[in-house]
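Naming follows writing order (A, B, C and D), and every chain is counted from residue 1.
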């Protein structure tokens, strides 16, 4: 990550000859200084005779903002010509405009403390307009950081209203990103569907192993020798959204379920923090139910 | 692992007060010099009101052979009194008697080369009475090492006879351990059942994810960010036996299925070699469908 | 770690036959229930013809407190007979008596946030009588947690007085353990010598590489492919005390010194937290300038 | 790595606007199909007021060979115009022309077995014109693989002649790359200087820790908690050449020097194999005493 103000272009399009040349030529023509680039060509689906002849091309380019002779608006306008020509899905982010991250939390503090420490020291370049919780426990801690705290209890009876309320809180906060920092309620399908690619969860297992409830207990029963965590985008299918990041740690026969829960926290917060950072820095491009992550 | 000749006692029994005292007292009484010890108390099944009040106790003790005033036979005879008293499942191995490891292989060389290199330099203290394969490819390589090679083709039509033949080869070779070093046939239920806790397989995924065929392709489809391998005892339930060892390596979006296959080999051979060594050194104790591994 | 109250015996002594038997026999005799045991025999110094014929034996035993017919005082009294006989260095800790951990911090928050989160959720079973800093930055955060905060500025001119003040703060707080959570001053030799084995530091390199100042810059200059962190006991020799725990993370050519600093924080806080936990749970036994860590 | 025949362009030059545009424009102009690209801008030396205003730019581009209307000669000729304009150090490799790798080995087999297994299954796309050793041990194994074996004993008295002989063997074999697969002699300065960037060594420590002889013994004395291995280009300064790849594994107090030697082999062979593969696939660009590795 560069300290200078920069525009980050991310795009994907059908693969063909000349994409890099056209995009880098456009930037060079305007004397744009490239800070970082990454490209990836995803081949056509293997084993599928009916799949299209071409694959898909993904790219991410960081341009030093003050090397260009114009601002973001003109850049987008000028680039849209190329984007149309190559049928791109694209976006250009301005590092001077921080994304707005709403954090959801329940009763475990490890991910919350970790995210706030990273935000406080400037590692996570975001604004946090509010924290939402189904419990009151962290009000003091969150408000001490100068961040508004909303308590939205969720019970079997009030789910529809509660999630509708959370949706409106997120919208009022002009949230770009909702992070479930060990939030222990399953979001309503409506909420999931409203913000595709904008809700990030941390699941406390190495998916696709141990979907659903009590994954550490499932891991203990199976006798695995490593436990893991998975950071993924939330979709309506529980624990089946596109995976952004994963990691594992070693355990052994002497570790009880409680030990796993304890050790697991370390891997949960690390994996969540990496996934959130990749998203915030526009390093994650979705491709069907998978992700391209330009670390 | 100690270079001196040693007796390795492994035992498990219902947990109660005084087990360590009784066993170590017995050894001390005969002036036995303890080289290495490990103990583990497995608590009673959690969440189960009907489970017994007591858990199970596991132990492994290495005793310097020449510190004792008698040999293996007298040691076993003397220890059997304690074993009966504590209702132990137990065994005492003599490091001077090498285990006999029969290797099964198909067409991929990485695990075979790796195991033979470890055997040749003395890291794996075993005898290899023979290698069995459903292909002829490695005959020259195996025989160059002075190890008999048996070609047992397996076709849809000859399975019963082929596995019966392999069983008799294993028995004639007085095999202690059968290692499936990327052997690509599913063993017959009869063969699995004949040698419980004596057949070790390497599965090319992080179980329980991606059971069965083409696990790397399954991993690619799901978009996971790590791939793994699992070394386990073979039971009649495919890929569901007790896990001995696992590990993973990082991949990313740029890795094709072929890349995963290639990188996966590194983790397969490392995990298999560790699992085999733990078994050979009597470090693995089975407990239901789980293992206690005293590394 | 067991939730029940327990006594943790740690001891080391010259190696000889019968140590385990004598200690476990003593426990069994009083019907003590052993929760966890670990033993280690360190062989006599290799390559040294003048070294003693015997090595040294280390042990750690957790006993369920209410399984014994007496309390800590009587336990210590009774055990001291064995300890004398075997010339043991020993201690017995009572899990009901929390250790008192004084934290020193400067201007970086990652280790402080991490330690307080672990303390708050009960993972680190300690009392924190105070936090000391050479800066005012974290007063609010620390005091919000109900922990006293002492600002002790350190300048080239006031070092002797400042460290004397810190020593007296530590003593008034009846501190058992002083943790340097990225405290950026070099402690005075007097302070180091006053609390041997009771001051823990996190150094931001994989020691013995990159001793001293700016280790990430040194790492960048050398072009290493992994960076690390080391948790160690502080001695008068800078960065040369006994190592408790280490770990590394992968970097590559694209990472600047600033990136390393940022990524390094993750490994620093993880390694420090593990080292502190091992110490608190009496899992670390010193042996010359090395450690035995019964994880 | 792509199965199709491809040309791999690697280049570095002073950083300026328009490099990517010019190179990719050139490729697109000839309808070249880009399989893989990687770019890296190394900023000007930090902390150095006298350093040049510009940094250095590194790139690696794989082009599908049959997408171009001409062969390698014409491609080089055409590209040389751009290369001159941007003052590039550059090379274009043809995947149809295998590099020639000469392996040097002493008495330990783990790296040799590992490299030959990778070569045999096609993972390492090289020719091995010969293996050179200062011992006879592996003649049979090497010759069984159809590879010539040269025994060149090295004694204190014959060093000059021995290394001169090895140099001539390497030249006669038209070697591109010399791999020291745990070769236990220090190469002569003349030999080192003759093939800069073409001799790869595996050192059995995590450099810069534990330079020189008996690194595992040094590690044991210091009491580190991880041991490592380093793959680097050989220069005249012992163990100080540019690092290509490193990795570590965890050890603990119970591991003797012999255990470390044994576990270390696993990391040595893995790190060497990765380093060699990166070199063979033209993924390593030297930059002073550091490397850019486009994995």
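Criterion: contacts are C-beta pairs under 8 Å (C-beta built on N, C-alpha and C of every residue); 3 or more make two chains touch, one makes a residue touch a chain.
Model, not experiment: these values are computed from the prediction.
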A-C against C-D, pair bridged by the larger set of C-beta contacts: C-D
Farthest chain relative to chain C (centres taken as mean CA coordinates): D
Approximate Å spacing (C-alpha centroids) for the pair chain C, chain D: 41
Computed distance of Cα centres, chain C from chain A, in Å: 36
Residues of chain A engaged with two or more neighbouring chains: 36, 254
Residues of chain C touching chain A in the complex: 1, 3, 36, 108-110, 113-114, 116-118, 120-121, 123, 140-141, 144, 254, 258-259, 262, 265-266, 270, 273
Interface residues, chain D side, partner chain C - complex: 40, 42-43, 46-47, 206-210, 217, 222-226, 228, 242-248, 252-254, 256-257, 287, 289-293, 295
Footprint of chain D on chain A - complex, ascending: 17-18, 20-22, 24-25, 27-29, 31-37, 39, 41, 67
